[in-house]
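Same chain, two partners: chain A is paired with chain B first, then with chain C.
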Partner chain A sequence: MSSARVMTPLLLAALAAPALAGSLRYAEDSAPAIVNPLYSTTMAEARVNELLFGGLYADDRDLRATPLIAESATLNATADELRITVRPGLTWHDGKPLTARDVAFTVETLQDPKTLSTEAGRVDWVQSVSVVNDRELVLKLKRPDPQAIDKLFFKILPAHAFASRPVTRADPFRTKPVGSGPYRLARFGDDNSITFAANPSYPKPLGVSEIVMREVSDKSYQAKLLLYESLEALVRVLPRDLAVLQKSRKVELYPYQTNSWWYIGFNLNAAPFDDERVRQALACMTDVPSLLAPIGTGQTLSGPFVRSSPYYNHDVPPWPHDEGRAAELMKSAGFTKVGEYWSRDGQALTVTVSAHKTLESAQEVVINLQSQWRAAGVKVDVEFLDEAAWKARIWKQHDYDVVLAQWSFDRNEDVREQLHSTGARNFGSYKNAEVDALLDSARASRDPAARKADLRKVHALVHEDAPMIFLWSLDSYSAVSTKVRDVVVHPFAYFSFVSDWKMQ
Partner chain B sequence: MGASAMSVGRGGRLAFAALRRVVAAVGSVLGATLLLQALVGLAPGDAADLAANDPALRDALSAAWGLDEPLLTRWSRFVLGALGGDLGESLTVRPGASVWSLITAAAGRSSGLVAAALALGLGLALPLGFGGARARRLTLVFSAAPVFLALYAVMTGLNEGAWALIEAGKMERPGWFALPDADSGLRWALGACALAWGSSSLAELQAATADELTRLRRAPFVLAAQARGEPAWPVALRSLLPPLSEVAASQVAVTLGGLIVVERALQLNGAGSLFWQACRLRDLPLACGLAAAAALVVAGARLTSDLTRLWLDPRLREAP
Partner chain C sequence: MRSPRWLGSCGWATLLTLCACSGGDGDGGAAPVTTALDETWLGELRADPSRFTAWVASDREGFVLLQQHRLEEAATRDSVAGLRARRELSALYAQLTRLQDLAYDGVIAESSARNAPPSPAFLYFSVLAIQDRKERERAAADERPAEGEPLTAAFMEATEPVRQRYAAHRAARDARDVGALWGLAATPLWTEPLPNGERRLYDPFFYRTVALSLAVDAPAEGPEALVFSGCLTAADAQAEAKASMDTPELGCALAALARLGIAPPPEVDDPQSASDLVVSLDAALDPWTRATLAAGDPAIAELFGDLRLVERTRARWLLALARADLHHDRPRRALTFARLAVDLSTPREVSPVNHPALFGTMAEAQARTGYHREALDALAPVSLHRPDLIGLTELLGDWAILVGLDRHGESKEN
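Let's turn to the complex of A and B:
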């Protein structure tokens, strides 16, 4: 009791001190489980990796691929060999030089099956690596790939900093990471926070001396903390918090375009969703703008790209909300209206909509969708799954009817994994030989115009087949304290331009 | 001779009590870890599903982590590892980190909270126990209230009130602001209160105190002391400790359960919060390690209570 009496004022006094000048605190729902780009699985980890590590290439402010660790990368005439030159004079956080051998180590470690890396797919297009000298290396590609340079965004790791070979998750690197990014890891806090200090050897001076990742699991509380000046940045503002943050003089909202879109995805292995007329009918029963309105603003879509994408086919309109057309399609699929529900073989059409528990605003969308489809004659059950159940039921066992979900893409907007019959993320089992051929052709194409044409055709075909009802891309906002200036946020990795940010 | 026999009898009783509790502890640890493995196994998805989307990698991780093994094989591997001092590595909560280091760090953060909650329960139970039926009803009513909602309400009220004063320039930003984000003594104190109140420790301890006091008021040795004009409270207090230590020991398990909710609500990263994460992320080695540690703590508390009762209660100590 007496020690508590002594300790409490000391503790309070220590904590009453304001944040260090130049310290920027941002919130994550869940702290990164591991700080090692070989084993990243979450966006929180991707953001931390962006602070600590660099890639051969990175986005510039116009989101064009620009060399970062690489000085140059040259593809040979047959597009199956990539010669990379590493920028001279680069060093790791511990002062050791960054060489082509580190790049080769990164590729080989990612590819080594014993590493059990979750990011191996980032280099699965590489056949072999050969180091020419400290500054040059050659990547031999598995097949010609004119877009290979766009795949050089994976984070480069220091060969000397790993204790184990093959590298394992338990490698001490996970608590003492060494990178070449603008920040180095200073400490882990007992409250799951991570503090990053400016890298003094970074090629340009940094305007924020310290960045602190705070774990704030209650998402609705994050905006409050920003208003209370207990945080300086929120990666993504919930639509319901926009109005209150907009009113604050101490907070600036930064809109950004993400390559993310929402969809209602069908399990094509499960009847009656194997019948495209049923899928199309459900699309016609869906009033997409009414689903979107309560959760924010955005653009409705008719295919698997955001509207600002060069691959979006503007000639294809979204499915109309047309109950008459839906009824015709249902009848053509053998359904009849019995009472208030569509039935076939004496069974009323019943759909279970599965959504991920952590998908923001999913609850509002699912409840409104349930109401729309019920009104149109479809019984709807709803389930919300946690991450483990989602991965097991949807990804592994394909045990579902319909999902409400979202896909996010990097700058390549490569939808092959989602739509190709062999795609790893095509858990709805969509198959269309023409779409497969177009996706393969787009990937192999050296001509951007031809690639665009292929993907626009994919858009039209997928819209018609309706393996998914494409919903919208949401307008996203980051909220940052007005104490931070020159803020530009990257739509995917958020901190890509942090070296330009300045704290007042 | 008589003293020596008594001494041997007392030592034997203590040893027997200890042995009984050790056997119970081993049984609890084995049972808790087996049950947990079975329950987590029944839940959809496993650590490999969470760590990988690629089916080949998922299978490789599943094999590497032994998740594809039958329940009993997996459990016996955990038990054998634990006997050898190796609790394994965390799979998903802190991939690669030693489970032992995670548990010790989290237990260090939680032990103070649990001890404070139990001490608070005991400290308040004694004066409230003298308060009779009215105080007992009052405690029961408060214990039935939604404690954790009340906790949120208190934190929101404190935050909004403090922020209004800060904005108006009438108060410097206090160190505890804003709850529960800032690490502060106030957050910790709220946690201890919520744990004592919400896990029913306070109500149970108060009820036990009141019952014991009722019994003691009519006890011959208390009446005799009063008749001699001596103060009765030293005798009464000594008589209160054995039953209260028993109730307090039984409350340890409940308090550990309450820790999960309190630590989540107050963003305290202790053992309760870690256990919740381990179950959510299907981190079997970590969840089993924490369950084993909790079972040992509960058994340790019961052993301490047994020894205290044997030490203090002459009826138990000197019984044939």
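Let's turn to the complex of A and C:
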């Protein structure tokens, strides 16, 4: 799914074509690599999933859990059995009925280790599932959980639409998804666009007849396209474009995806990044405010939370930009300065920095980082990976030195998957038994003060261990044309309330 | 950069450094230029910018601070600027008090709903906060406390440090002087050990004390009462001086809308009606601003370009409408008004356009509509620079954690 990095006049002209009446065009930096909630790892995929699929429960406008596919969910007296009734008359986009068997299929598929789902943790509290009839099923819980209903947000998948068992990432479903959400996939375009048509069977009338996802990988063009009325929405606006868009009076800006942070992540399986002194030294070689300044405004960070988070440890300052301290750390790790570069065993320290091709502004950051580290005595190569290479090299094979990337979290800011030694998103292989214990304790705790204490300690420990250099959170807004009315943007999933949006 | 004559030698460099220059690109439309602002203090300045120097001459430094929304510093001045800053600060802390009350109630309710009983210490502090609120409500209604009321009894059993602190608050409220309490607000009033840290509980009386101690009547007369305010005329300001502190500058905002030919917003909690109103407002204001700047007068450019007087006044009207919506239980629209008021050239900073109460208003609106974590984020531009807000942010954090306690946290790349 490659795309034009330089926007040609032809492409501009194509994008400038008027939208169909009732059509909403939004821009993503990168088209989703896969349309399958079992394997979604990026925000772009999550947004598409929100259009196509539904969960048993979903957020209402006040972010309270409310039944969607479920008609009801009832716990037994001992809170270890959950009886779910599926809403009657629901159908999939292909017209087939949505039944309790689909729900059971989804749970079992998520749980099946052969599925290798990145979302398996969503149902790790379920012991077993049994279908009572087409509309009813029972989930047996691993342990009593009076609030189990709050965990029924995972997307439900159609059992009949998968080609084989166990389900694999390569299943044709990825390009022919069938869901029950407000929109169905109408077509993939040659320009990597995806068109979604309103689902005529959706229980409520939709005010936007068609949604088109446009891949516009050069972020600096996205704001222009919105101003030229060639788009109706930008998912994320570059901080430097905020004031311009605000002055245009043609768009409204909504805070969105504010629990996101950038980081430089080390592969702890690869020497010398298994040595925390080297990681700390590289942190001290990094002038974070200077990396941030060219791409916009935001807040620098010292740990794995944004500054407004209840878990952020304000007693921990970011690593200082201090080349003297970096030099001491490098020497203690056995490196000596030979000519311009730090060397050990006759080998100059060489780092390859990998970044996702479409991470906004990553090129500017990587080039500046390369310059900073080179000036401090480290040879730096850079590479920009497309989606497929990123998933293969970084997630699967762990074949990298250092990544520049960004994590986005919902309001729970659960960093366990990133930092626990067993975490599904811990591709850097970070392992600290004390951090594991604190993350487990935080997840189990029902006392907010205890959870804060646990995670603030995690913040301090992870800062010191430096499996990542925590960089910044950007001022993060979405922009939507004033032609779209009754817009409410979900703070994480974006399109959760799209069924209320209307085109003028 | 030009030297603004109205400031003389007093703080001009700081001020102008903080003032972003407007690009004035606008939408390029040919909307008619309204004359509705001509008979207002903005219109007077456009006609004769030299008046500005005279208007702020009584306390130029105070007006610099007021313009920058450095309200605590401005509040110490013995001047009209100081008086206005005290009133604005009082309104801000009244809002923070409401937010704290809301959060205590929310934490207790959510703890009960989620089988996550609060610690005895937290429960005790929440009782103290509720009791303080009730006492103020009684005082406002001129009522006596009921004998033997459980909350009163709990209050009387306060531990000595809490009893002493409350006595200090009573004295501060009587003397209308927050004094040393400013410095104590950032220190926990109660700590107890936890396995990996400690539980810290902060003074539950502080925000109310600030609100009560700094409450003053607004100055009603003269251009000093108008400049940098949302009141366009002396008559508006006189009416506003008698208005409720619950809805500051609402009367002036509605008068301004009427002057511009814009209907007041309907009495429904409909965010789209806020968006529509702002579209109309900008359609009226932008041509006036463009025409003003197009005159090419350097003194006018300082006032309307560098100081962004129109944008600032617009933001105050929207803030007033947002606060009124909160007061009348329309939080969704309140959030929209406040969001549309924020100057996104500095989206996370208090600035000459971004009043600190804008962030407080967004936080209150978010908290009242289920967006507890987002409320913390909305408040951050204020709370991250004000140590005394730690008690409130810890409380909001507890609420946000409880609401999400049983959810599966999601995370994705990019």
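The definition used in the following text is that the second predicted complex is superposed on the first by the 255 of 504 C-alpha atoms of A that agree within 3 Å, B and C clash if a C-alpha of one lies under 4 Å from a C-alpha of the other, contacts with A are read in each partner's own complex, and residues count from 1 in each chain.
Note that in this section a contact is a pair of C-beta atoms (placed from the backbone, for glycine too) under 8 Å apart; a residue touches a chain by one contact, two chains touch by 3 or more.
All values derive from a computational prediction rather than experimental measurement.
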Partner chain in contact with A:425 - chain B first, chain C second, else both or neither: both
Touched partner set for A:243, first chain B, second chain C, both or neither: second
Superposed model, chain A: greater residue contact from chain B or chain C: C
Contacts of A:41 with chain B and chain C, given as first, second, both or neither: both
Which of chain B and chain C A:214 touches, first, second, both or neither: first
First, second, both or neither for A:171, with chain B first and chain C second: first
Partner chain in contact with A:386 - chain B first, chain C second, else both or neither: first
Touched partner set for A:91, first chain B, second chain C, both or neither: neither
Which of chain B and chain C A:370 touches, first, second, both or neither: neither
Touched partner set for A:121, first chain B, second chain C, both or neither: both
Overlapping contact positions on chain A, where the chain C interface meets the chain B interface: 41, 121, 425
Residues of chain A touching chain C in the complex: 29-30, 40-46, 61-64, 121-122, 145-148, 150-151, 153-154, 239, 242-250, 252-255, 258-259, 297, 299, 306-310, 356, 358-360, 405-418, 425, 438, 441, 446-454, 456-457, 475, 477, 482, 485-486, 488, 491-492
Complex interface listing, chain B residues touching chain A: 43-46, 49-55, 57-58, 60-61, 64, 89, 92-97, 105, 109, 159, 163, 172-178, 181-186, 264, 267, 269, 280-282
Complex contact set, residues of chain C against chain A: 20, 22-23, 25-27, 107, 114-116, 119, 122, 194-200, 271-272, 275, 279, 282-283, 286, 339-340, 343-348, 369-374, 376-380, 383-384, 393-394, 396-398, 400-414
Complex contact set, residues of chain A against chain B: 4, 7-8, 11-16, 18, 33-34, 39, 41, 113, 116-118, 120-121, 168-171, 174-175, 190-192, 214-217, 221, 224-225, 227-228, 230, 385-393, 395-396, 424-425
